[in-house]
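Here chain A shows up in two complexes: once beside chain B, once beside chain C.
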Partner chain A sequence: MWKSIIYKEWLKVRWYLIAATLLLGIFVSYMFINVQHTIAFMQANNYWNVIVFRKEQYFHLIKYLPLLIGIGIAIAQYVPEIIQKRIKLSFHLPNNENKIILTMMGFGNLSLLACFSIVFLIFVGLSNYFFPYEIVNEAIVTILPWFIGGLAGYSLVSLIVLEPIWKYKMFYMVVAALFIPIYYESGVSGAFEPINFKLTIIALLISVSLLFSAYRFRKGEM
Partner chain B sequence: MNDNVIECKNLTHYYGKKLVYENLNINVKRGSILGLLGKNGAGKTTTINILNGFLQPRSGECLIFGENSQHLTPITKGRIGFLIEGHVQYAFMDIHQIEKFYSRFYKKWNNEPYWDLMSKLKVTPTQKLSTMSCGQRSQVALGLILAQDPDLLILDDFSMGLDPGYRRLFIDYLREYAKSNNKTIFTTSHIISDMERLIDDVLIMDYNRVLAQCPVKQFMDTFNQFTFELDNPNIDISKEKFVVNIDKIKNKIELNTFETEAFVKNFLLKENISVKNFKKVNLNLEDAFIGLTGKY
Partner chain C sequence: MEKISRYILVFITILAFSIFLPEFYWMSFGKPIKSEFVLYSCIDNDFIISQGPKTTDNKGNKLTVQQKEQKLPLLNMRQLMLDGIFPDSINGVEMDPHVIGVHKSFFRSQPKDIVGPLPRIFPLFESESGRVKLELPNDFFRISWRMEFIDTETNSINEEKSRMFSAVLQKRGFAFPAKLIAGIPTTRKSCDEGYVVTDSDDQLFHIKMIKGRPYVQKVKKSDDLKFKHIACVDFRDKKYYSYMISNENEIYILTQDDYELIKFPIKGFNPEKEELRIFGDIFNYNIIRIGKNYINVDALNKKYEKIANYSNSWSSRDEKTEGKVFSYIFPAQISMFSGYTDFVNFYFTRTKGFNWLIFNILLVFAHFMIIKPRKVNYKNHLIDFSLIFITGIFGFLSVNLFQNKFFK
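Up next, the complex of A and B:
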C-alpha cells in the first residue's frame, strides 16, 4: 500500500524533482567553472589566501536554491491535493489517515534529501579537487544550513498549502517568514557549526506538524 | 442482525449560526438504493461529508456498518466506494496509472468492469484525466468504484456535468451492478429524472427539515397534484393542513397534497368552494419533487 502512495507522490513531483536536481547541478558546475577560471587567473595559492583570510565564499551562488527547490516540491506535491479537495481521496483509502500523511511527508523529505545529496556530493568532490581540506570543511559547514533550510521551507510551505483555516495559514506564513531566515543568516564561513544539528532537528519537527493541518482538513473545519 | 448499512441518529448540523438540519434520522437497508433529494443548499453534500467522516456534526451520529462515521477503520473504509461531487479524481494520472494506484489498496479489486468501461471511452492510454471531458472522467471514477467492489457506494451528485448519454450509461451500469451484487447505494443528484430510473427509496430534504422519507413507489402513489379553477379567486386554502404546496395564478390553482382526490373533492364540497376543470395531474418524480419543495 505504501508503494502506491509513493507512486502517486512520484507521479506528481518527478519532472519537477529531475529538473530541480539538474538546475542545482548546473549551478554547482557553473560555480566551479568560475573557481577554475579564478585559479587560472590569480594562481591557486593566492585564491586560497583570499578565501581563508578575506572569507570570500566561492559557493554563495547556490545559497537560496535549496530553499526554492524545497518550496517548489511542497507546491508540486500538495497543491494538486487541495484542488477540488482531492486529498479526501487519500483520506478515504483503507489506511490510517495519519500514516498516509506521514508517508507523503516522508516521501517529500526523502526526495529533497536525494536531490540535495547528489548535488552536495558533486560539490564536495569538486571542492576537494580545487581546495585543501580546511577550506572544504568550512564550506560544508557553511552550506549545510542552506540545505537544511530547504527542508524546513518544504515543511512550512506544505503546512501552509494544506491548512484549510485562513487564520492558521496566516500564522504559519508569519512563522515561516521569521523562522526560515535563521538558516540564511549572513556569517563567516563555518559560523553555523555549533547549531547545525539543532537546526536539523527543528526542521524535522516542523514536518510532523502537517498532521494538524491534515486533521483540520479531514474534519471539514473552515 | 442489524440490516441497516447506514444509520444516522438525531443528526444536527449548523454552519456558524445557520441551521442546516436538526434531528435528522436516516436508515439505509442492505441492498437498497436511496436517493437524497433536495434543492441547492438543503444539506445534501453536508450529509455525504458527515457520512464519510469529512465533517463533524454538531450533534448526533452516523453509523456505517455499525461504526461511527467519524472514526471509520481502514477495513470499513475499504467497504465503501466514494464518489466525490464533480467526479473528482487524481487528474495528473492516466487511466493505467490510476488503476495501478488504487488496485493495491483493495483486496477484492477486480479490474474487469473498469477496463470494460474504459474500452467505451475514446481516450489514449497515456492521456491524463485532466485533459478528459467531464463525461469521460465520470466513467473513470465509476469504473474505479466498481473495480473496488465495495459493499456500500456513496455518490455525491453523480450526474453533475454529464450529458444525457453519459448519465444514462452511468445509471444503467450502476443499477445493474447494485442489484446483481446486492450492493447498497446512497446517492444525491440534482437531476431528479435520473433518480427515478435508479433509486428504490427517496429522502427529500428542504431547508432545515425532511419532507419525505419512504420508498419511491409509496411516495409516487401517495403524493398528488390537482389543478382547478376557483369561481371565487379570493378564496384562500393555502393554510389548510392537507395542503403541502399551492401555486395560485389569478383563479388557477395547482394544489400539492398527500391526500386523495376524493378527500380534496369532499373538502371543496364541504367548504362550499365551487371549482371547475378539476384534474388530477400525472406526475413523474421530478414533478412530485417540485410539487413538494416548491418552484423557488
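Up next, the complex of A and C:
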C-alpha cells in the first residue's frame, strides 16, 4: 500500500523534479562559466579581492531558484489532489490519514532534498576548484538559507493548496509572504552564520504543518 | 498531531508578525534622529556643536556658517582661503597648508568592524617594490597552522613562499594560528606597511614583505595587554601604524618604526555599541564616541593628554511620541539585522515598561468575544489566550488566522 502511495507521488512530480534539477544544474553551470569568464577578464587576484573585501556574491544568480522549485513541487504534488477532491480517496484507504499525509510530505521533502543536494554538491565542488575554503565557506553559509527557504516554501504552499476555504487560503498566503522573506534577507556573505541552524529547525517544524489543512480538508471544513 | 501542526503554524506566524509589523510601523511613523557633529575649536579652545543646519558654541551662542568656519579653520581651510580670511598663524604656529594637510587625519570604527563576518584571507603587498604604484599580488595568505600563500590563478598553495614566511614567524616566536589580522588590503594607499597581527597567545607582530622576503617584528608589550580589534591607518604624518582596542576597551596607537604602544586617556568606551571617530589636526585629536542617543567627545593635545570633554544625550526613539505609541501596541520586536553587526539573527528587543499589557488584555477579551458564539470549551483555548496575553497583537492575529477549530 505504502509503495503505491509513494509511486503515485513519484508519478505526479517526476518530470517536474527532473526538469527542476536540470534547470538548477544549468544555472549553477552558467554561474561558474561566468566566474571563469570574470577571472579571465579581470584576473583571479582582482576577483578574489572583490569577493573577500567588497563581499561580491558570485552565486547570487540562484538566490530565488530553490524557492521557485519548492513552490513548483508543491503545486505539482497537491493541485492534482484537490481537483475533484481526489485526496479524499487516499483518506478512505485503510491507513492512518496523518501517516498518509506525512508520507506525501516526506516524499516531497526528500525529492526536493535530493534535487538540492545534487546541485549543492556540484556548487561546492566547483567553488572549491576556483576558490579557497574561506570564500567557499562564506558562500555555503550564504546560500544555505536559500535552499532551506525552498523547503519552507514547499511546506507553506502545500498548506495553502490543500486549505479548503479560499478566505483562509488568502490569509495563509499573507503569512507565507511575510515568513518566506526571512530566508531571503540580503545579508553580506557569511552573515547568516548565527541563524542558519535556527532557520533549519523552523523549516523542519513547518514540514508537518500540512497536517492542519489536510485535517480541515478531510473534515469537510467549508 | 493536527493540534501540534496548528501551534507550529501559530508560532511561525507570531515570528513573522513580530518581525514585519514593527518594521512597517517604524517605516510609516519613524523619524530620523539627528546626531550632533562636535569638534574642538583651536580658536575658542572649546567645542563647536552642529546639529543639522544649526551650529552653536559650547555656551549655546548661535553661529553663522562663516563664524563656524572661522572657529574651525583647519577643517574649512579651502573655503576660508577662497574667502581670503584664512589666518596666517594660529596660537603662534604659522599656517602652512602643506603642514596642515600632513597632520590631518580621520579614522572611523564601527561595532560591525569588530563583530561580524570578517575577511580571513589577505593579499600581502611588496613593501619596497621600487615602483610608485602598488600592485595587487597574485596570491592571498591565511595564517592557520602556518602562514599559507594561495595562488589565485591555480587556487593552490605556494609551498616555497609559505614555508619561508612560516619559518620566520616561528623563529620570532609566533604561536599559530593568528587571532587578528589587520592591514589595508587595497592598492589605493600611499605605501604598504603590511599587517599587524596577533597570534593565538595574544602576542603582537608586524608582518610585511620586503623584496620578496619576510619582515617580521614582534612588538614588546605586557602579557596582560590583549587586543580585540586592530585597524591600520595610512595617514600622511606617518606617526603610527594602527589604532588598537584592547580587551579592556582602551584605545591604543602603535607608533611607526619604534613600535611603541601609546594609550589614549579615554575611559568608558564601548566598541561593541559605540561608533568611534578620531579627527586629528595640527593641534589636537578629537576622540568622538557616538552611542544610540548620546555623544562623547574628548579633545587631546598632540602629547595625547586630555584637554577638554563634551558629552550630550538626546531623546531616543522610544521617548518620542511614535515610540510611546509603539510601547502601547507592541510588547516586543524581533529584527533580523542589528545596528551593531552584519550578522543576521533574530534580535529580540522587549518593549520597555508594561504599557502594552493594557492592549494585550483587550485583545484577550476580543478573542473571547470572537470564539464565544462558537460555544467552545474554553479549556481547549487556554494556550491561545496565554499566547495573546504574552505576545499581544502578534498572537491575536496568529491564533485567529489558524483557528482553533477541531472536530470530534
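FYI, the second predicted complex is superposed on the first by the 222 of 222 C-alpha atoms of A that agree within 3 Å, B and C clash if a C-alpha of one lies under 4 Å from a C-alpha of the other, contacts with A are read in each partner's own complex, and residues count from 1 in each chain.
Just so it is clear, a residue touches a chain if its C-beta (ideal position, glycine included) is under 8 Å from a C-beta of that chain, and two chains touch if they have at least 3 such contacts.
Just so we're clear, the structure is a prediction, and the values are computed from it rather than from any experiment.
Superimposing the complexes on chain A yields a three-chain arrangement in which chain B and chain C fit side by side. Seen from the CA centre of chain A, chain B and chain C lie at an angle of 140° in the overlaid model, rounded to the nearest 10. When the shared chain is aligned, chain B comes close enough to touch A:12, but chain C does not.
With both complexes superposed, C is the one of chain B and chain C in contact with more chain A residues. When both complexes are overlaid on chain A, the residue A:4 reaches chain B alone and has no touch with chain C.
By the touch criterion defined above, A:80 reaches chain B but does not reach chain C.
Per the superposed model, the minimal spacing between any CA atom of chain B and any CA atom of chain C is 8 Å. In the three-chain superposition model, chain A touches both chain B and chain C at residues 219. Those residues of chain A that touch chain C in the shared complex are 43-49, 52-53, 98, 129-132, 134-135, 138, 141, 159, 168, 171-172, 174-175, 178-179, 182, 185, 187-195, 198, 202, 205-206, 208-212, 215-216, 219, 221.
Partner chain A is touched in their complex by these residues of chain B: 49, 52-56, 74-75, 77-78, 80, 82, 84, 86, 88-93, 97, 100-102, 104-106. Those residues of chain C that touch chain A in the shared complex are 1-2, 4-6, 8-9, 11-13, 15-17, 19-20, 116-117, 119-123, 136-140, 142, 150, 152-153, 155, 185-186, 336-337, 342-346, 401-402, 405-407.
In the complex of the two chains, the chain A residues touching chain B come out as 1, 3-4, 7-8, 11-12, 80, 83-86, 88-89, 91-96, 218-220.
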